[in-house]
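Heads up, the next two complexes both have subunit A, just with different partners, subunit B and then subunit C.
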Partner chain A sequence: MEALTILLSLLFTSILAFLPPLLDGIERKVRAKIQSRFGPPTFLQTWYDLLKLGVKELKIPLSGESAAFLVMLSLIITLISLYAVVYVALTLSTSIDFIVLAMLLVLVAASHSLGLVASATTSNPFALIGSYRSILLTILNELGLVVGSVLSILLGLRLVTNYSILTLATYLLSLAVLVVATYVSSGRLPFDIHEAEPELASGTIIEFSGKILGFYIYSHLLTRYVLSLLVAVAISTPFTAVFSPLPAVFPATLLLSACVYLAYGVVATLLGRTRVDIGVRTLFMYYLLVLTVLVIFTWIGI
Partner chain B sequence: MSHDYSKLIDELSRGHRSRAILSKILEVCGDSVLDLSRRNIIIKIVIKANCLRTALENIYKEHDLYLRTIAASDERSREGLFKLYYVFGIDSEGTNLVFEVPVAEGAKVDTISDLFRASDWYELEAHDLLGIEFNGRQMSRLVLPEDWPENLYPLRKEVSVEELKKMYQPQLISRVSELGVEEVVRIPVGPYHPALHEPEYFELYVRGEKVVDARYVGFMVHRGIEKLAESMKYDQVPFLAERICGICGFVHSTSYVQAVEDALGIEVPERAHFIRSIVLEVERLHSHLLWLGVALHLLGYDTGFMHAWRIREKVMVLAELLTGSRKTYGIDLVGGVKKDIDKDKIPRIKETLNVLRKEFKELVDVAMSVPQVKARLTGTGVLPRGEARAYSLVGPTVRGSGIARDVRKDYTYAAYHYVSFKVPVYTEGDNLARTLVRVDEVFESISIIEQLVDMMPGGPIKAERWEPQPMRLGIGAVEAPRGEVIHVVLTDLYGPYRWRVRAPTYQNLQAVPIMLKGVDLADAPLTIASIDPCFSCTDRAVIINLRSGSVKTLPIEVISRRVRENG
Partner chain C sequence: MLAVSDGGKPDLTMSEFALNKLEEVFTKLKRSVWVFHLNTGSCNGCDIEVLDVLTPYFDVERFGIKLVGSPRHADLILLTGPVTIKTIGKVVRAVKAMPRPRLVLALGSCGVGGGIWFNTYATLGGYPQLEKILKDAGVEVDRVVYVPGCPVRPEAIIYGVAVLLGLLQPKSKHRRVSAVEG
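Right, the complex of A and B next:
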């Protein structure tokens, strides 16, 4: 059974790895529709963009060898984290594997950290400004990501065995934390401040071109999808525990992950860009408020 | 001048403000005032250079007096002198106060840059282009390139346009020689404006993410348009004037023709005034929509940007319907306009305006409810009212700081006195205030066009004939989308003897470093863009061929085409 799960996880990971650029293509079309534009000619446009970057010559930016290496490492770790989240999704119904869940969170955090380190290693002072903005935001947001994902999955399972209004409320709150945390981590508006003003301050993208840029973008899209799948898993946890996991619930989770991905894209279309001070302050206040309520609920005893 | 001034002052003044100002000037300068005269709204004071500063020291605190422009002119061939024309406006009574200051060659004029901060660039420019010296201030090069030869002043009459072309970029020629090549192409790349991608350069001194100080270096491209006009006929210049700006070109051609009409006393038919006013407001609509789109883009709200430009497209189609062109309309003539507005177009105009009003309202309601848009506009890029006044600022920039300065009301022209409209004013002085001024102005412009279309009289659209006369001074001012554009024309028999152009950005840019102090780095592009800056946007590449000795300029896209063709 264990071997079968691993094999299935590997199979789905291999398939899902192709999905993020496609979802991005759909998101671009949806965004264009909202903005009264035609948008890219096909849903596959992001794939075409990546392939074109892939055939361009390899250019390593000045003092950027370590940054390029870290981008590749980040991509590998993101792929492993995709495997981990697929594995969690497949095994949730029977029992929760805390080790895999912990490993998943470590991998996601590692992927983010590597991205940040890659940003910080650049010698471009303009890119550094964006990188430090990103570091500030990520440090704050990782807290929400860890708390939100662990609590929402745990409480989702608990809902099945020990349903109460308080448990449901706590579950929804933790889900809200997870949704916000994954949204911020996805680097969409209004939290794309690391790449905000390319003429004044930018992030790592300004340093990369060709193949490295292609891998960076792919890794970024993959991270977005892993986060969307994590939210989808957290949402479907109560249902996964009640109903048979395969073949019905797992595909539903995958479908939900695509919906989450696109919903995030739609939300981003409706917002402007925040400023680093406003963004950090807003996020801090949000987490402080929700986590305080969560602690109170836990203390009351759910 | 006689010492019995009171009767003369009564004759010349247009209200109590100008009466008080004239009294003070005559009191302190007396015999240094060589002549006083008035024509329409222009009161001209010919004053000796040695008393100009004294006169202005006594009047600069008048609260509604501001420096509109300074024009320097080489009149040595006629009177053996240079002349400086200081144009001040008295907003409350719509009077232009023109100080005509004769300056002998080699003589120096006292600076007034400490009294009227806006005069700083005008004085430097007068020195660059005509070699006029100023006392009491540091002189530095402003508009000409660094490698421009000393003692070559392009606006002096003895310097021809052909001669200037030969002198263009001498350092580049020597560079070609050093390289030992036959031909070289110099393509200007940057520096760029952080918001609008035009050749401008700002230095921001940043502590963390806070801008603690800012410096502006401009005038990357001097096109020599004023000089070029001196060799053109009267009716050729509007086409040149319209190419000063790619966004509000009609404003410039209208200012020019109004200046000539003012100088020569040309009676323009009413219908032409209406047509000009309608097209000017159409231009304001497209400019404000363009700006709003750019501002929303800078705030990261690209959906707003897309919709602002989608709505703007209707205005472009309307412009094409009225003038035959989406931009650079080319319908202005001295004495009227070239193209009439037919009756059958009026329903379409009204229909477009109705759709525009509805869709723009929806856009503004949605955009202003986006939390990030409101948060980042509010309290950023603050320009206090006192600074706005000290720098003689114009347009939405000054109106966002609580000063209701609008040429359409204060120095009314064309058909604006027939229509009822409000001048939107906000007192906060921040980016939000400047944005809201423009938003309100869009609704006002729609209303103005509707009123003008309904009231448009019949009759001809241009004056039948007019006679040019030499050395008449005329002022033409138009409220452009960015603020007041003012053109000063000294006439000659065939074309302008001297044509002075002052765009609103020239006036407003000097206040940008003040706005930038204390803003977050992320808000700097928006703050710069909040004055809706309009820079020279026709950079040219220069090709020098040593063998033939030819120097020619051509648009960059032509070079890129050549490169493509040559593989």
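Right, the complex of A and C next:
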């Protein structure tokens, strides 16, 4: 059974790895519709962009030779994190493997950090400023990501066996934390400050070109999908436990992950760019408020 | 294939990229072109038209065109202005920072030949004069298209990109002449 799960996880990972650029293409079309534009000519536009970058010349600045290695390492780690989240989604019907979940969160953080280290090695001042800002945001957001994902999945499973209004409220609250944390982690407006294009001339990715840029963008899109799938898993947890072992739950989770990905894209289109420090400050206040409420709920006996 | 540079200093290894892969990249570029806007001392007339091209009305994303913030990401430079003497160093660095194939769209009367500033003490006289400096610096530009106009029309910019990528034929041929001074 274990070997079958691992094989299925590998199979789905290899299929899903091709999905994020396609979802990004759909998101670009949706964004264009909201802005009364036609948008890219096809849903495959992001794939065309990546394929073009793959055949462009690769220019590496002096002292940035290790960037290529670090970006590739980041991509491999992101692929492993995709495998981990698919494994969590497949095994959720019976119980939750918290070791895999913890490993998933570490892998997502590692993927972010490696991307930042790669850009910092280019020694470009814009890349360094962008990396500093991103590190600040990542440290702040990591708490929300850990608390949100662990609590929402745990409480989602508990809802089936021990239903109460308070459990439901805490589950929804932790889900809200997870949604915000994954939105911030996916680097969408206004939390894309590390690569805030108009302000920092592309920030952390300013020195990347050709294949390195292509792999970085692909890794970034893959991370976005991993986070969307994590939210989809957290949302479908109570239903997975109820309908276990219904095989329709996993495809529904995949469909939900695509919807979450596109919903984040719509939110990013509707939100404007704010001053760079406001995003971090607002996020800090939000986490302070919500986590205090969660602690109180825990105190009174959830 | 691999060129190592720090922007300002000369490349340590020269790229042999264009010799064997140029046609393959041009095929890919027909579906995806990332442009970098480079103002070389323009009056901002052409720059406003470039911004107009990127607005929802003209929406160049429908042709796979995207504005990027770094020349490292760009396939095409939208060059406006007569290239003032003060900007030469920075313009050469920006063009050099682009990975090959490098494409240039010289926009407006100033970009095409300097306009009324074709031979002043403070300007170089548009892209043709800059091209000589780029050649001296060992910076290869693979394709150039000139789009005249003062300011250049947004439709003309889009047409120029299509001509540059080989999707359309140029509407007119040009013959460069030298002005007689005095």
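Keep this in mind: the second predicted complex is superposed on the first by the 294 of 302 C-alpha atoms of A that agree within 3 Å, B and C clash if a C-alpha of one lies under 4 Å from a C-alpha of the other, contacts with A are read in each partner's own complex, and residues count from 1 in each chain.
Here, a residue touches a chain if its C-beta (ideal position, glycine included) is under 8 Å from a C-beta of that chain, and two chains touch if they have at least 3 such contacts.
Given the structure is predicted, the values throughout are model-derived calculations rather than measurements.
Look at A:129: by the touch rule set out above, it reaches subunit B but stays clear of subunit C. Once the two complexes are overlaid on the shared chain, A:275 sits against subunit B while remaining clear of subunit C. Shared-chain residue A:36: touches subunit B and subunit C both. Of the two partner chains placed by the overlay, only subunit C lies in contact with A:210; subunit B stays clear of it.
Counting residues of subunit A touched by each partner, subunit B versus subunit C, the larger count belongs to C.
Contact with subunit B, but none with subunit C, is seen for A:192 once the two complexes are overlaid on the shared chain.
Subunit A uses residues 35-37, 197, 200-201 to touch subunit B in one structure and subunit C in the other. Of all residues in subunit A, those touching subunit B in their complex are 34-37, 129, 133, 189-190, 192-193, 196-197, 199-201, 269-278. Partner subunit A is touched in their complex by these residues of subunit B: 192, 194-195, 204, 209, 296, 299-304, 306-307, 310, 370-373, 375-376, 520-525.
Against subunit C, the residues of subunit A that register as touching in their complex are 28, 32, 35-41, 45, 48-49, 51-52, 55-63, 65, 197-198, 200-202, 205-210, 213. By the touch rule above, subunit C contacts subunit A in their complex via residues 1-7, 9, 12, 15, 17, 21, 24-25, 28-29, 31-32, 34, 56, 59, 61-64, 66, 68-70, 72-73, 75, 97, 99-101.
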